[in-house]
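Following are the structures in question.
The following pair of complexes shares a single chain, chain A, combined with chain B in the former and chain C in the latter.
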Partner chain A sequence: MPTLEAAEKVTGATRYVGDLLVPNMAHAKVLRSPLPHARVLSIDAAEARAAPGVVCVLTRDEVRAAGIEPVYGFVYRDAPLVALDKVRYQGDIVAVVVAEDAAAAEAAAELIEVDYEELPAVMDVEAALADGAPLVHESFSPIAPELRPIEGTNVCHRAHIARGDVEAGFREAYRVYEDTFTAPPVQHCALDLHACIASIEDGAITVWTNCQSPFPLQRELQRIFKMDARVIVPYVGGGFGSKSRDRLECVVTAAAQLAGRPVRLVLTQEETFQTFIRPAYHGTIKTGVRADGTIVARHVRFTIDVGGYAISGARSANNTLKVATGPYRIPNVLVECDAVYTNKPPSAPYRGLPTTQHTMAYETQLDRIARDLGIDPVELRMRNLVVDGDVHITGDLLRSTHAKECLEAAAAGIDWGTPSTPPETPSKLRGKGVSCTIKYTLTPPTRMSENGAAISLGEDGIFEVRIGTVNIGQGSDTTMAQFAADGLGVGLERIRVVHSDTALVPVDSSTTASRSTYHMGNAVLDAASKLTAETLAVASHLLERDAGDLALGPDGVEAPDGPTLAYDELVRRSGGPLSALGECVVGGTYTAPDGTEYPIASTFWSFASAAAEVEVDTDTGEVRVLRMGAASNVGKAVNPDSVRTQLEGGLGMELGPTLFERLVWDEGGQLLTAALMDYPLPTMETSPTYRPEIVEHPFEGGPFGAKGMGEIGSVITPAAVLNAVYDATGVMFHEVPLLPHKVLEALEAL
Partner chain B sequence: MKITISINGKREQREIEPSRTLLELVREDFGLTGTKAYCHSGICGACTVLLDGAAVSSCSLLAAQADGADVTTIEGLAAGTTLHPIQQAFIDHFGFQCGYCTPGMVLLTKALLDEVPEPTREEIVRYMGGNICRCTGYAGILASVEAAAKALSGEIPAGET
Partner chain C sequence: MRPFEYLRPTTLAEATDVLAEHGDDALVIAGGTAAVVMMTLGVLRPGTVVDVGRVPELGGSRADGGVLRLGALTTIRSIERDPAIAQTYGLLAEAASQVANVRVRNRATVGGSVCYGEPQTDMPPALIAMGASATLVSSSSTRTVPLADFFEGPYETALEPGELLSEITVPQPEPGSEPGAGTGGCHMKFTIGSPENKPVANASVLVRLDGAGRCVEARIVLGALGPVPVVAVDAAALLDGEVPDAKLIAEVASRAGDAADPADDLRGPVWYKRRIARVLVERALRCALRKAGHEVP
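Our next item is the complex of A and B:
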């Protein structure tokens, strides 16, 4: 079914943050660092302050004078509101100019004189890990207990996970394969630009923003400014992780405090590239197999480039330790990672990152192994994929896996086993490839998970569902309305959804990590169940009937032989609205058969496969993806149309970083690909046809058996495409994107 | 300077700065925020409006260039509460998720189908190839355009795309 807000969206009536106006608001522009790494010696903003239309200028001096907390961050408190002693990447925030309009603010920003002492920069992980490398941060400030920085280096988090004895596994292997993998940074390019309006009135902050984590942001505002804060997130035009953490809201609030009036900031597209990016990934993967293709050992080492601030990037690295060895039964595994500071923009999650890069690494290596051993790639996977009852690398007992069924369904989508139709000219080559993955969701204790929902029955006879989930295009209002309607036993027309306003809805951790359907869905069902009981109790009293004889009907509470008590009348007669708070409790431990207690590493595990057919032009090096199949075990598809479009969207989005997207900096730390002119995105012309398939095996504990799937499509894309190129050309690429000149070079080297 | 334009069928006069873009005129002076912005460089198509029936990037045109012209924005497409068949097709065929690119996509479809009422798939892809969508992977948009063409050419009744 279409989403509830569909008509609003096709008529242009939907309001995103950039469309909002607040009375008396002023406009902000950010002055950014031109250098990747420098000490800030002095800032002279006198001329800017005197410029026409300027209200105020926020620099480190005003931040210090205001007595507010000058640094913020979710897991690392390392990001200053505006630069304090140093700037740490080109585009780092140095000052904020507030003026009557954005043009005046922009003009005045150019009048600010900043004296920098340039410092040597570390533009990639290799440079940052070198002996004697300049330090991006001289000290560490982790606030999440699981983070382990290495003092005196740029490593802000080092972690590992292991099972079995990986060296013993390699010793018993028939063959051992080792490969190195690289994926450069890219940007999310959510079209709804980062924007916020901050207002302080009567000692309380109100922020309108398109941040994906309104409640953590609210807490951060309260900590920094020591006053109440309300965060309102209207419809969001895509985020894909770029808005998962706040980056501007605290800065703009400081500017509003200084200005004494509401302040609005809307970034340009170029500035979004200086705000959050998907980090560079480098890794090696070593895999030992028996002669029949059974995997016996796997060792993965990888680095994540978290950029100048590890606001949340270090934890992203930690989370993906859990999935780096893939959806396979492997008795001996070791995964090691370093999250490393560099002088790049801060990193943010990106629709499943870095599960995407891990999947690329282990799945492309698996095709190399398949060819070496003479085993069909699908067959090799079938021999190794996990099944229900297997124990994962984390100790978790896996259930609702059905990874093999996903692979079969995805492969069927491109007629796996049937040779490709011959291309029109012999200079073009066609081939097919598949991929499989396993993905986690954010789970305590690695991440606090709070999941509340409220439903109330008001005097208009409408059930109002109040959720913290941000409606970012995934259709969450509709899915939650469906849960509420089913849970209550009423029609969708009786449901109204209120979303993501911290003053109106219960606490929710974030709209990230494919977590909302499961967590918020359960909370909504819990609230529906409690409200049903409460409503029946009230009706029982009013009707003088036993509550057990009554039921919620489409228009009111129904007795088997009596009249219906209409919902609006019930509320009027009961003296006011009825309301219930629901929650989803997660966490706990799992006891293995040997008695070992493991904290549950992921509340649910997602499984999916992709298949791709490509055409490689050996004259130009151009790779075209012709068609893609994909399948995910979603437990239960609550809105099958939304599931299919999410799968397609994930596949299509990730084709960009697979084929042509990448951010490039020059030696001086200047971003060369900051505008769409130099940073092409997938278009209808570059898009294949898709065959998204839903696999449904109810997950016990999920709402109606559902689990999350919002990111799974992108995760499985690069590996399937690279394997198809390998099939077509015999060249296995160990990096993305597949730029034509690189493809040509590799083909010539054959 | 003074300009006169017809916006969504209504004749309007405005005194504007010569440097004002058509995008700023539409969004800020007329409050028609259905027209979106992203790249501000005429590439992404989020700011597409119809200028005398042709699809243009309003971020890359001066408001002055629209003097004397008919401008249609997304707010001008539906007839009251009745959706245009193109809008209905985008709903029925999941031509959007977050909705941010949708005004531009719908108006680009309108320009295409006014010009080529029964486009081939290749013609649709070539015409629509400039507008960026980050959510759908384009399959739903392609299906929406094809369904809208059928609805508008009377092959299937409007509202049953």
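Our next item is the complex of A and C:
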């Protein structure tokens, strides 16, 4: 079914943060560092303050004078509201100018004089890890307990995970393969640019933002400003991870506090490149196999370039340790990672990053192994894919896997096994490739509920569902309305969804990591069942019937033989709205039917496969993706249309970073791909035809058996394309994007 | 974007007067598709914006007396769609159809597409291949400059401060003089990703054949391969009087690649751009020959 808000969106009626107006609002522009790494010696904003229309200028001096906490960050508290002692990347925020309009603020920002002492910069991980490399941060400030910085280096997190004995595994292997893969940073390029309005009234903060984590942001605002805070997130026009954590909100609130009136900041497209990016990835994978293709050992070492601030990126690296060896049954595994500070913009998740890059590494290498051993790539995977009952690297017992069925369905989508139809000229080559993956969701270390959902029945006879899930285009309001309607046994027309306003909805940790359908869905079902019981109890009293004889019907509570008590009447007669709070408890351990206990490193594991057919032009090196198949085991497709389009969207978006998207800095740390003019994005013209398939095997514990799949389409794309190019040309690429000149170079080196 | 004064003259005289008065500080905008982007990025920071979109003398297009006259405000979209242009000036229509996307083509003007002076654009090579000239007017003078001499560097043209481009004239290609002979033109580009991205290279080729399939005239112009469009004179000369075959086409393409003067940038290294120049010229030349009635196997 179409999402509930579809008509409103396509007619342009939806209001995003950038469309909102608040009375007496002033406008902000940011002054950014021109240098990638420098000490800030002095800032003179006197002339800017005196410029026409200027309300105030926020620099480190004002932050210090205000007595607020000057540094923020969710997993690492290392990002200053505005530069304090140093700037750490080109584009780092130095000052915020607030004026009557954005143009006046922009003009005044140019009048600020900043004296910098330039410091040597480390523009990539290699440079940052070199002996004696300049330090981006002189000290570390991790917040998330699992983060392990290495003092005196740029490594802000080092970790590993292991099972079995990887060295012994390699010794028993028939052959061992080692490959190194790299992927450069890219940006999410959501249509809805980062935007925020902050207002302080009567000693309380209100922030309107398109951030995906309203509740963590609320806590951060309360900590920094020592006041109550409310965060309102209207519809968000895409984020893909670029808005997963707060970034501008505390800065704009500090500006609003100084201005004494509401302040609005909307970034330009170019500024988003300096706000959050997908980090650079570098990974070496070593795999040992038996002659029949059985994988016996795998060792993965990877680095993530977190940029100048580890506010988010350090954790992505850690989270993906557990999926870096893939959806395979491997007795001996070792994964090691370093998350490293550099003088690039801070990094954020990007539709499953860096699971995407791990998948690229292990799946591309697997095709090399397949070719070397003379085994069909699909067959080789079939021999190694996990099945229900296997134990993962984390010790988790895998359930509702069906990875093989996903692979079969994806491969069928491009007629795997039949050769490609010949291209129109012999200078073009065609080929096919597949990929498989496993993905986790964010999971607490101990058993707890990280989100609630409330449902109330009001005097209008409508069930209002209140959820913290941010509607970011994924169709969450619709899915949650479906859960509520089914759970209550009423029609969708009886449901109204209120989302992501910290003053109106119960706490939720975040809308990230494919978690909402499972977690919020369960909370909604829990609330629905509690509210059903409460409603029936009230009706039983009013109707003087046994609650067990009553049921919720489309328009009211029904008794088998008697009249229907309309919902609005029920609420009026009961003296006020009824409501219930649901939750979703996750984490802890899982007890199998045989009584064995297993850890839960991920509440559910998602499995998916992609298949791609490509055409390579050997004259130009151009790679075109002709068609793609994909399948994911989603447990239960609550809204099949949303599942398919979400899969398709992931595949199509990731074709950009696979084929041509990348951010490039020059040696001086200046971003060269600074505007969309020099940063190509996928469009309809670069889109293949898609065959997204749904695999459904209910997951015990999921709402109606559902589990998450939000990010998985993206994750499986690069490997499928690289493998198809390998099939077409015999060249195995170890990096993306597949820029035509690099393809041509490789073809000619054959 | 910095605040600016916005003027919208309604006659050519008024427009040139306003430009004479504001000199260097004024920026002309026509369709605004390039100018507004440059202003948003802060690359252009005019004090005064002179919107010439309502100047009637700059509008309209007509073909008469063997010449096509394109008013500066003629949109790229109308060049693409005009059946008369497609019939006689097919190369122009073909290049126009490859500019950006339909939204940009609906607004972008032919005057803007040449005055922009961007080395990667499609219209300049096609117009140069067709032998077009630009009429430049100021409050005190009018002059005509062949487009082959109009471009001076990236974003630099022969336009002087105070000057407007009023019209582009394109001579009608001579039809072949003998039965069965004809003229063929082709424009091709190679872009990474979507067609509206800046191309690695583009190429316009125009050929005229006699009744025996001999080439009596050939023009090859390359875009995005130097600071200004590259007219590959030596490469085209190889075709003089010849009946082109596969070997000759390859030679011409290779010579054209040598004429290119590309820079290493985000769209590829120098060797690659030369290679693409060769591929495009080879493909475009074959296509132009086919249109002129000579299919080379």
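Quick note on the criterion: the second predicted complex is superposed on the first by the 736 of 750 C-alpha atoms of A that agree within 3 Å, B and C clash if a C-alpha of one lies under 4 Å from a C-alpha of the other, contacts with A are read in each partner's own complex, and residues count from 1 in each chain.
Heads up, the rule we're going with is that a residue touches a chain if its C-beta (ideal position, glycine included) is under 8 Å from a C-beta of that chain, and two chains touch if they have at least 3 such contacts.
Since the model is a prediction, treat every value here as computed from it, not as a measurement.
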(message) Touch test for A:683: chain B only (first), chain C only (second), both, or neither?
(response) both
(message) Once chain A of both complexes is superposed, is A:67 in touch with chain B (first), chain C (second), both, or neither?
(response) neither
(request) Examine A:374 and indicate which partner it touches, taking first as chain B and second as chain C; both and neither are also allowed. (result) neither
(message) By the touch definition at the top of the document, which applies to A:675: first (chain B), second (chain C), both, or neither?
(response) both
(request) Considering only the touch criterion stated at the top, classify A:237 as touching first (chain B), second (chain C), both, or neither. (result) first
(message) Tell me which touches more residues of chain A here: chain C or chain B.
(response) B
(message) Is A:619 touching anything from chain B or chain C once the two structures are fitted on A? First, second, both or neither.
(response) second
(request) Look at A:389 in the shared chain and tell me whether it touches chain B only, chain C only, both, or neither; answer first, second, both or neither. (result) neither
(request) Report for A:13: first if it touches chain B alone, second if chain C alone, otherwise both or neither. (result) first
(message) Counting contacts the way the document defines them, which residues of chain A are shared by the two interfaces, the one with chain B and the one with chain C?
(response) 268, 675, 677, 681-683, 685
(message) Which residues of chain C touch chain A once you look at their complex with the stated criterion?
(response) 1-3, 37, 40-41, 190, 192-198, 200, 266, 268-269, 272, 275-276, 279
(request) Spell out the part of chain B that touches chain A in their complex, as residue ranges. (result) 32-41, 43-44, 46, 73-75, 77-78, 83, 87-88, 90-92, 94, 96-103, 106, 124-126, 128-132, 134-142
(request) Could you pull out which chain A residues touch chain B in their complex? (result) 2, 5-16, 18-19, 188-193, 235-238, 240, 268-269, 472-475, 641, 644-646, 648-653, 675-677, 681-685, 687, 689-690
(request) Give every residue of chain A touching chain C within the complex, in rising order. (result) 103-104, 106-107, 268, 270, 619-622, 656, 659-660, 664, 672-673, 675, 677-678, 680-683, 685-686, 739-741, 744-745
